[in-house]
Structures are given as structure tokens and as C-alpha cells.
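In the two complexes below, subunit A is the common chain; its partner is subunit B in one and subunit C in the other.
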Partner chain A sequence: MNKGKRDHVIHYLNNNIRYDGRKKEEYREISVETGVIRTAEGSARVKFGETEVIAGVKFEVGKPYPDSPDAGTMMVNAELIPMSSPDFESGPPGIVAIELARVVDRGIRESGAIDFKKLCIKHGELVWTIIVDIVPVNAFGNLFDVASLAVMSAIKNAKFPELDGEKIDYKKLTKNSIPMEEEPISVTVLKIGDHLIVDPIPDEEKVLDARLTVATLKDETIVAMQKGGELSLSTEDIKSMIEISIKKAKEIRKFLK
Partner chain B sequence: MAYKKRLDGRKFDELRPITAEVGVIPNAIGSAYFKIGKTGAYAAVYGPRDLYPRFLKNPKRGVLRCNYNMMPFSGAGDRVRPGTSRRSKEISLVTNQALLPVVNLDDFPNSVVDVFVELNETDAGSRCAGICAASMALADAGIEMKDLVGAISIGIVDGQVVLDLDYQEEAYKDGHVADVPMAYIPSMDKISLLQCDGRIKKDDLLKGLEMGKKAAKQLIEIQKKALKAKFEVPK
Partner chain C sequence: MEKGKLLIKDKEVVVPGEVLAQGMSYLPSQGTYRKGNDVIASKLGLARVEGNVVKIIPVSGRYLPKKGDVIIAKVTDINIAGWTVDTNSAYRAMLSMKDATSDFIRRGSDLTRYFDIDDYMVTKIFNVTSQNLVDLTMKGPGLKKLEGGRIMTVSPSKVPRIIGKQGSMVSMIKQATSCNIIVGQNGVVFVKGINPEDEILTVKTIKKIEEESHVAGLTDKIKEFLDKKSKKR
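Moving on, here comes the complex of A and B:
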């Protein structure tokens, strides 16, 4: 870590200033567009300031897992392509991409957002698989929250393709949406020194002590969490971070289409 | 038989609708988005920057390194499996060679200029869309260039020479189809990409190349307009 940069970030946070002039608990401008990719069955383009992420849903059919013969499946994958940031390199997904995909996946899966039982086509033989790919166009901080909102928006936007026996006809989409039960929203709070901030830019992410991603439902129930960063958190920290997450989730929820 | 009217109603020498924009990826030194019909390509340029692994370095001039990739949801049918494929490696190679004649990297020995081409949705003609996006992105990055590059496919659908085939034409069942992606550099009057997939007679090919050259000039005008638009002062 660059100590000079960290001191600089903290010095300004002590005066309630961030690099881009925002307040500590202020998000950048958010925009959500859905149905942006014609080759996907569902898609969304989400921007938080200069960070731009596309999420696309593709359907597949296949055999269910033996331990849940009546349930469909979901896979969330993130491709941190080198086009979107000088910090990303070509090659198979590294740990950053894997953590991102798994944290987004967990928020949706563990909230019970999708009723996987309704994705069963033939008990024990054929079920739907929902594959959601996250691709940043420009990665400029806070991929966790941007990607979570993009994936939720893309899933809500998706329509099932028609099924011809056991084969999918991707040219024909039905009017049926993915059966949704809940709508989790993820908010990541960063701890830098004694400060708690949301929606970090890369300069802030590079000097963080710890972060906590919290996915919550409309009724404020927590459904998934991930603590990251090299330093530990006190119970008091966690309480404050969760409170910020719940408060900010209410703002972000308005953008979910 | 015979292909009298195009499936989407275009004239035989008519391009699909095009939109072009530069500066779409703020992290990159130069960037562009080029959309033709339902095929969309991003391109981002990073560099000149240090090149690793070291044995790839050229002490005489900088290295141009193009990388073509389809986003997993960009295919019309099944999901495209992430990661490189034989197809994407070959397209990366021909993209590189299509652009190499116009860029001058003599001032950047031991460095690399990376060009990342990413398709977000495709409906045929993706390598050509990628080359057009890359041409704009390189110019946006301020890389010294002799000209822009216009890339387009020409071909045969059931005996008829056509420009800019879309997917339903490439998949035309009632007659032979040839797909000939090409890239043209007007100021040098040179062709820097030429591939052919399917049956075509020499005379038809030559006719098609003239059609493609004319279209490439149109494409370059569109690229120039997009590049200029970035620096226009809003009224």
C-alpha cells in the first residue's frame, strides 16, 4: 500500500472532503438502463459515476443436481476484462473477479430472490439454468454495488426463451419473467482510518483498511455479507457499517427497474 | 433462385445503420464504440506502456497488440464461453495486421500499445466492427497514424454480390454464400485485411472489393465525424 496516498486520503477525510468532492456517505450519480443487449435474454447497463457495468442473462437447460432434482440453478460470473481498467490483466478470472461474482451471487441466492423450484421443467431430468455475466466497460471503483444492481436489474429484465423439446429456441422469447420473491440491494462500506465511506473510487479502494458488503431486503433484513480488507473490525464498526448499508440501500432501491 | 431482394430490404451496396462514438471508456488512453446494425464493438487503447514478458520487446519500435473478445452474452444463440478460443486468437491476429500498416510506433521502443476489442452484441461482421472501433480508439489515443482504417464485409448471397452481410444472410440456406471481410486504407490505396469464407468467382470478388473500398471510405468519414464530435464545444 502507498502510505503517502493513504495519509493524503485520510487527511482530507478528516476535513470531510473526498477526492471527487463528495461527502462520506454520498453516492455518485446512478443510472440504470435495461434491455441493452439484444443477444441476451435479459440485460442491464448500470453506471455509478464513471464506473459502468453490463450484466447479461443467458438461459441454458440441463440436468438438475442430484440433491435437488426439482430446482433450477443459477451461475454468476464476472469477467474483469483488461479493456475496462489498466489494473486488469488478460487471463482466467483471478481472485478479485471470483470474489466479486460470489458476493453478488450470494446476495441474490441467499435472499431467496429467485424461486428455483419454479425453474424445474421435468423433475429429476430437466431444469433451467440462469447464467448471469458481469462485464465492466469502465471499472472506476465500487464494482460490488454496481454489479449487484446490474445483475438484479438484468434478472428482472429477462424473459424465458421458448423451449423446443429439450432445446432452447433463442430467437423466440416468451413473455415469462424469472419468478422473483425478493429484491436484495447490496451496499459496500469502506473503513479507512476512523472514517466510513460508501461508493469508493480506486484511489480510496487502494488504501482501505476493511470493507463490509451488506445485502438487505426492503424490510431491512440482512441476507448476505462479506467482510474484506486486511484489518479487522470492532463490533461497533460493524454496527455502524450495517446502519449505513441499510440507509443507503433505500436510496439505491429506487433505481432498480 | 437468385437473390433479388435483401432479407432486410437494403440495397445491395448499402451499409446497415451505424453509430460511432469516441471517448466512451474514461480509464483508457483512447476508446470508441462502433455499432453497425445489431453488431456492437468497444475498443480501448492502453499505452504506450512497458511490455511484458520481456522477450516480446522490440528495441527498434513499439509493438501493437490487439485482442478481440466476445462478451459472454454477445452471441445470438448459446452463451459464449469466456476466455480465448482458436477463433478469437485468429481474429486478434488479423485485426492486428489490419491496423499495423497505419500506425507508427517508431518513437516507443520496448513498449506496447494494447488494443482491447470487446463485442457486446453480435449479428455478423464483428471483426470488421472491431477494426473500425480500434481505428477510432487509436486515433483518440493520439497514436501517430497515416490514415484511419475502414473494415467491412462483402460477399455473395446466392449469386448476388452484396455489401455488409448480416447474420441471416450469412446463414442463407437457398444458395451459396461467401463472406469476405476486408479492411481498406484509402490514402495508401491498400487492403490490410482479406479473408474469404465460401464460394466466389474472381470477377465477383473484384466487383465486391470495389464496393468494399467505397464503403470503407464512408466508414472512415463516420469515424472522423465521431472523432471531431468529441472536441466540439456544446452550444
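Moving on, here comes the complex of A and C:
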């Protein structure tokens, strides 16, 4: 890790300003577009400043898992393409891509956002599978929050295709959306030195001590958490990080279409 | 000798592979090469004809190390003979011990005292071999290790616009923001100011120049931008 850069980032934060001129708890400009991919049943393009992520939703039908014969399934997959950042390499998904997909997946799955029981077509034989793909177009920091919002928007945007027996006609979409119960929003808070910040840019992400991604619901229920980074967090740290997450989630929720 | 034929006009946009001139009387320079009788473009950019020399000013692309360039580089490795350095180009660069310092370095001493991994420095290319291996030196005016401050990268083809005619653009930014700015020919820029706000304004200004480098009257526009921003504070 570059100590000189870390000291410089902390020097900025001591002056209550970020590397790009923002305040500590200020998000970049957020924009959400839905239905951007014609060939997917649901899609969304989300931008946080320069960071841009596209999420797509496809449907398949298949056999349910033996331990839950009456529940549909969901798969979240992220591919960090080298075109989106000089730090990404081509090849099989690495640790960063897997963590991103899992954190997004957990936020949605554990919140009970989707009623998987309603995705059952025939008990023990046929259920819907939701396949979510995350593709960063430009990875300029804070992929966790951007991808979470993109996936939530894409799932809300998705419409079931028509089902003829066991075959799906992808050309015909019905008017039915995925049955949603909750709408989790993920906010990642970074700790650098004694400072807590949100929506980091790569310069800040490279020098972080620790980060905590918190997914919350509208009523401030915490549904998922993921800690990253090399250093530990104290109880007070976690408490104030959660507080920031809840506060910021309220702002981001407005952009969820 | 038969007279050569020029197939393009001065300041015309050319693409790689385009035949720029025919005949041996025209000479290939930067961004062009000779194939048989023809001078052919190897880059996308503006063709310039100066006398009988044809060259291309590229509109984009990565940095190609050139002898005599002063660049900003980052240490990526330390080995027995010196330091391996990243120059923001595709080729490997070396800073050997004897070119780094005039100190006597005892065998087996700790080289991180001079340059540690991830340290940035202003350095000069004193040789580029035919295999594009780059040799660097720290001996010369203004060549030093960089401490504090922040590093940003711009497209190397935009570096002349950031510096301006005889350094007019960069000295204007320096005056308005009271920041120390060093622009490396490889597109790496070092900015160091007294307070963060000055540095952020400098970075924003340089980004603006990079974005609008093709606009006519850029200097006036940047002056206006700087005046407006510094009044706000």
C-alpha cells in the first residue's frame, strides 16, 4: 500500500474534504435508467458520478432444489470486465467479482425482498429461476452500492416471459412483475484513519482501513452486512457506520424506480 | 532523383496505413514509417508537413518513451542494480544506482533509503534502446523524488496543451491556485498545494483542459474558469 497516498487522503479528510472535492458523507450524482437492454426481461443502468453499472435479469425454468421443492431460485453473477477499469483482468471471476456478486445477492435474498414461494410453477417439478448479471461499464469506485441499486432496479423492471408448458417464449412478455416484498438498499461506509466516508473513488478505496456494507429496509431493519479491509472495527465504529448507512439509504431509496 | 509526391495536405486527419507521400525525397518522422517507396502513417492523428519531413501529431494513444523526455515515474521493484520503474508506457524502465545518486552506496545497503516501492519521482530518459528498454537518470536540474501532493494521469497526447506555449497554461494555473505543478511528458501530473481546495481546483482545471483541448481560445476560457472559481472561495 502506498503510504504517501494514504497520508495525503487523510490530510484531505482532516480538512473535511474529499479527494474530488465532496464532503465526507456526500454521494456523487445518482441516475437510474430502466429497461436499457431489449434482449433482457429486466435491466437497469445506474450511474454514481463516473461509475456506471448495467444489471440485467433473465428468466429460466427448471427443477427446484430438493430441500425447497416449492421455491424458485435466484442467481447473481458479476463480471468485472477489463474495459471498465485498468485494475481488472480478463479470465474467471476473481475474489473481488465473487464478493460483489455475493454481497448484492445476500442483500436481496436475506431481506426476503422476493417471495420465492410465488415463483413455483409446479410443486417439486418446475420453478422460475431468476438470473441476474452485473456488468460494470466504468468502475470508478463504490461498485457495491451502484451494483445493488442497479440489481434492485432491474428486478423491479423485469417482466415474466410467457410460459408454454415447460418452454419459455422470450419474445412475448407478460405484464407480471417479480413478486416483491421488500426493497433493500446497500450503503458502504469506509474507514480511513479516524474518518468515515461513503461513495469512495478508487484513490480512496486503495487506501481504506476497513469497510462495512449494510443493507437496510425502509423501516431501518438491517438485513445484511459485509465487512472488508485489513483492519478491525470497534463497536463504536460499527454503530456510527450503521447510523450513516441508514441515513444515506433514505436518500438513495428515492432513486429506486 | 525524381521528385516525390505528397498525397495529403498539412493538418489533415490521417489513419494508420494511409500512404502520406511517395518517393524518397520525403522523410518519415514521428508516427510514420517508410515502406518501399512510400511514407505510411502508423497513428491516427493530424499529419504535419515540415519541409520534406512528414510527421503525425497523434490524437490519442499511450506514451512512447523518447530520449530526453522528463517524466514522472513510479517505483515498482527494487533489484540488485537499481530500481524498476513504471513510466505509464508499455515498456520496462530501469533506474540504475549510478544514475540515481552520486552517494557512495555500500554493497548490501538498504536501497529504500533512496527510493521505496510506490515512490514517485521526476526523472529523465537518457536512453531508449532498440528493444525499447528505457534507461532513466536522476542527474539534472529539477529531477527529484516527489513527496506529498497528489498524482493524476492525463492522456499523453494532451500534455502539450496543458503546458501551453512556453509553459503559459501551466504557469497561469500555478498563479491562480498557488499550487506546485509538475507535468511529465508521459501524462503523469504531480500537484502539490498548501490546502486541499487549491489542489482540487488544479485537478479540475487540468481535467477541463484535457476535455476541451480541441477548442479554440482555450487559454482565455481556462482563465475565465479560474477567475470565476477563485472568486467563489
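Note that in this section the second predicted complex is superposed on the first by the 257 of 257 C-alpha atoms of A that agree within 3 Å, B and C clash if a C-alpha of one lies under 4 Å from a C-alpha of the other, contacts with A are read in each partner's own complex, and residues count from 1 in each chain.
In this text, a contact is a pair of C-beta atoms (placed from the backbone, for glycine too) under 8 Å apart; a residue touches a chain by one contact, two chains touch by 3 or more.
These figures come from a predicted structure and were not determined experimentally.
K.L.:
Report clash or fit for the pair subunit B and subunit C bound to subunit A in the combined superposed model.
P.N.:
Superposition check on subunit A flags a clash between subunit B and subunit C.
K.L.:
Have a look at where A:Gly4 lands relative to subunit B and subunit C in the superposition and call it first, second, both or neither.
P.N.:
second
K.L.:
Quick check for you: in the superposed arrangement, does A:Val137 touch first (subunit B), second (subunit C), both or neither?
P.N.:
first
K.L.:
Which holds for A:Gly21: it touches subunit B only (first), subunit C only (second), both, or neither?
P.N.:
In the superposed model, A:Gly21 contacts subunit C only, not subunit B.
K.L.:
Identify the partner contact of A:Tyr12: answer first if only subunit B is touched, second if only subunit C is, both if each is, neither if none is.
P.N.:
A:Tyr12: touches subunit C, not subunit B.
K.L.:
In the three-chain superposition, say which chain, subunit B or subunit C, touches more residues of subunit A.
P.N.:
Result: the larger residue contact count on subunit A belongs to B.
K.L.:
Just subunit B (first), just subunit C (second), both, or neither: which does A:Ala101 touch?
P.N.:
neither
K.L.:
With both complexes overlaid on chain A, does A:Ile54 touch subunit B (first), subunit C (second), both or neither?
P.N.:
first
K.L.:
Could you tell me which of 2-10, 20-28 or 38-46 in subunit C overlaps subunit B after superposing the two complexes on chain A?
P.N.:
38-46
K.L.:
Across the complex, what residues on subunit A touch subunit C?
P.N.:
The touching residues are 1-5, 7-8, 11-12, 15, 17, 19-21, 203.
K.L.:
Going by the contact rule set out above, which residues of subunit A touch subunit B in the complex?
P.N.:
Contacts found on subunit A: 37-40, 43, 50, 54, 56-58, 60, 77, 79, 81-86, 90, 92-93, 131, 133, 135, 137-140, 170-171.
K.L.:
Quick check on the complex: what are the subunit C residues that touch subunit A?
P.N.:
Residue list for subunit C touching subunit A: 118-120, 147-151, 195-197, 200, 204.
K.L.:
Any idea which subunit B residues touch subunit A in the complex?
P.N.:
Against subunit A, the touching part of subunit B is residues 24-28, 38, 42-44, 46, 49, 67, 69, 71-79, 82-83, 114, 116-118, 120-123.
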